[in-house]
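Down below are the structures I want you to see.
Note that chain A is present in both complexes that follow, paired respectively with chain B and with chain C.
After this line comes the complex of A and B, so read on.
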């Protein structure tokens, strides 16, 4: 049973990790908590659902989720967050909550509030070294793995990724070094949207698609972003995995009704012992 | 004399200052139809609302109540407690309704009931939560439930488990009043029959996975899992269960094991699921009346398609008969008359016109409704019959009816 829960926890954790990455990237570079990340996930899930219903291909669904969530994310930046840049964090947070409401309302109007379900083939588990793993979990883990590899590839192997990290490090120094902030911001919002879109797609395939799904999952994404160390994409993914595994593996012993509470207990414990999070850095306040 | 705004104002305020009796000429008895037209209850809500309208039409055609016509104000709960509270406030404060009919889902009814108590008006609901029966929710005894309580659903589940020969039932409950009510009702009834209860798991909503919960239950090798659940969580749990490859049966309330569940999961996963839903009082004359009205209003759909619409049809009838019986428009008098017109003994009546005539002749009546025989206990609860449906090749087929 432990092994099966570990597998479930890893898949659960990858979803949280991807969503947390979307949150932490924005926090690191645009410097505000993006409350619209959850609903960007939902937009990705609906786009993936439509593509999957039309074609039956999970790969195309992933592509549609990335494109749609990236577009929603970028639109949010161009129409709302860019005009509000350099305002206090609280204004941006409230604006992000507004964007979240807007996305949810539009999805509700377009698709209704009843649940939609991905018609994926259900298969009996396959045995891997005595562990019974549902094939869909392997597929989803692979999707997440590829997406994470692509995201980290962009961040660490490309010029725009280097520029993003430079802006995250020190925006003013980045500007005097000749980095054009708008290009970096566009890349950031596209990347964050794409990560959220894949997270939404995975959540949608595992559960059911409804307009509220992303908003309801936002809290654990924030928890993982804080736990991983604000602004650290690697930390966010690790923290997501930690939370997912901790929830699945421990709740049979502490009680299932504490599932949500447990994630926050883990977060509290880590923050008390290591306030900067897993991979965060201590920032000097000037 | 030229009509100025000032004279109009003077005339209207003069009108308002007239004693109540004078204005009562065209006055109506106002009720609110507060139903789940959108949201999770949307498959039932518009039918529920239209049947209130149809019943009121029949009542007004028979001369209204105590000489007044009933007037209906309709609102949508969106199957959402917050929206329902706003709508109820509007009905009470703006429309000044004297009763609210047809709230669906326990969360909605529990949210609306404090407003109803505050305004001292009657609430007729179709929700299952046991908390609706007792104080503080029903401290004033103004709330009547036309659906079976979750506890009664649990008792029906236990009857079915015995009849189907299950030996080792486990239970899983969504962590709210309705889910827990179902499974606790089952466990009590099952133990009362001298049986041993199996594993019991309470789970949280909106989880990406319920595998840990499922594995805990499956580890005890149950032959059936009895659910207190809703559609989204049931969808996720059944899909995960199917992928474990463990053969087993399910007993699930009808609001979760419905055509949408079959559509979401397909015939293979849902094969053999036992769905339990309260059924209307189908042999009764009142049901025939309701069925005809339902077919007229809902594009020839039979009345059996919507058990909740039969409940709202009965709500309007019960309220109207109680007003006739009370010979008053005061809440306290009407409230005292509801059990007089609905419970035995008395002359069984199926329509408002027949009941009105009998009351006028001084006879005690017993309204036998379309949804159930409609005998309210001390908590304002009724005991309908339960239909037992088997999902076979993607079809939901009724096999038999259970009485508790």
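After this line comes the complex of A and C, so read on.
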């Protein structure tokens, strides 16, 4: 029982972690809380759902989710966030909420508000070390693992990733180091959109696809981004796993209704003990 | 032709002029210190030359070419580098990444090898996060980062302000070595006496204008400069 909940928690945690990564990347580099990240997830879920219905391939669904969510994310930057770049954070937050409503409205108009379900073949759980794990959970964990590896590969092994981390550290110094801000921002929004798209696809496969799904998942993503330390992608993924496992493992004790509240209690407790989050950094002053 | 020519430069962050008409040159191969009281416009002048001041008018020419309307990237490309007073390294990037991240450097790999050879303390800590470096190491990294693009003019904004007093002398010695690398220096500095001691010329700003300008040794010996701007010999911070 505990083992099964742990596995479910890890899969759920990977979904939260990917969404939190999208939030924390934008927070660290563009410096505002992107409330449209949840609905970008939804766009990815619908694209993945359509691709899966047409082809039956989860890999193609993943590709479609990445492309669609990346495109939605980039459009949001080009049409809304770039023109507002120098505005106060509160303005950008409200603008992001507006973008979120717009994406949701467009998806509702295009696909209706009824819930859609991924038609995945039923399969017997696989037994691993006494744990009965649904094969789809293994597939989804692998999808998340590959996506995270790709995202961290971009961030830590490529020139544009290094530039993104430099802008996150110090945008003024990045400017006098010749780093072109627009290129970094385009890469940022594509990467954040792709991560949100994969999270949306996974959430859709695990639950249902509906226009509201991403918005409802946004709070967990924000919580994990804060818990992990704002601007820390590794922290966001670890915090997502922590919240996901805490929610699932606590279900037998506190019930389905309160598991989310319990996850937030975990977050508050960690933040009270460690205000900068798990991996957030304190600016050093010499 | 001077390396840098500034003529009638006015400007500021908002509607108020902090620079009220500055005329100044930096010659190739020299170190020029800009001194003056707080609020005289020293750092503002440094920012104006780099293209970081929101509003500037007048003339700034680099190697004879007017750059006043050019953005920061273009000035970097022409050979001007800037080391800010604080926040002069990327703390979460490693030492090597701080150098790799500088854009527009031909043969970046070779250049990094040259700079690590020039700054052995950095070579030893090449994989360390810049945020974990000591103040002195951090400044060496800030200089190396600025030198990446092989600049001909380096603008230093209060290079010793964030250093422990014991590190100040070695910092000035490092700056003294820059012209030998083909880099001229425009240095804004509070520690005016020590800065002038390693400079060819000095300039004292007052109220956004050049109050005094001349050979560094002359300014150090000038009674009026000492009384009004440089503080007494041996005074803290002088």
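Here is the rule we go by: the second predicted complex is superposed on the first by the 282 of 286 C-alpha atoms of A that agree within 3 Å, B and C clash if a C-alpha of one lies under 4 Å from a C-alpha of the other, contacts with A are read in each partner's own complex, and residues count from 1 in each chain.
Quick note on the criterion: a contact is a pair of C-beta atoms (placed from the backbone, for glycine too) under 8 Å apart; a residue touches a chain by one contact, two chains touch by 3 or more.
Not measured: the values here are computed from a predicted model.
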Please work out whether A:11 is in contact with chain B alone, chain C alone, both, or neither, and reply first, second, both or neither.
first
Per the contact definition in the header, classify A:87: touching chain B only (first), chain C only (second), both, or neither.
neither
Contact-wise, after the overlay, does A:274 reach chain B, chain C, both or neither (first, second, both, neither)?
neither
Given the touch rule stated above, what does A:170 touch, chain B (first), chain C (second), both, or neither?
second
After superposition on the shared chain, which partner residues are touched by A:256: those of chain B (first), chain C (second), both, or neither?
first
Mind telling me which of the two, chain B or chain C, contacts the most residues of chain A?
B
Go through the superposed model and pick first if A:53 touches only chain B, second if only chain C, both, or neither.
neither
Return first, second, both or neither, reflecting whether A:124 touches chain B, chain C, both chains, or no partner chain.
first
Residues on chain A touched by both chain B and chain C none
Going by the contact rule set out above, which residues of chain C touch chain A in the complex?
50, 52, 72-73, 76-77, 81-82, 84, 87-93, 97, 100-104, 131, 135, 138, 145, 149, 162, 164
Along chain A, where are the residues that touch chain C in the complex?
159, 162-163, 165-166, 168-170, 172-180, 281, 283-284, 286
Spell out the residues on chain A that touch chain B in their complex, using ranges where they run on.
1, 4-5, 8, 11-12, 15, 113-115, 117, 119, 122-125, 132, 134, 136, 203, 206-208, 210, 213, 216-217, 248-249, 251-252, 256-257, 259-260
Going by the contact rule at the top, pick out the chain B residues touching chain A in the complex.
38-40, 42, 175, 201-204, 206-209, 211-213, 215-216, 219, 231-232, 235-236, 239-240, 242-245, 260, 263-266, 268-269
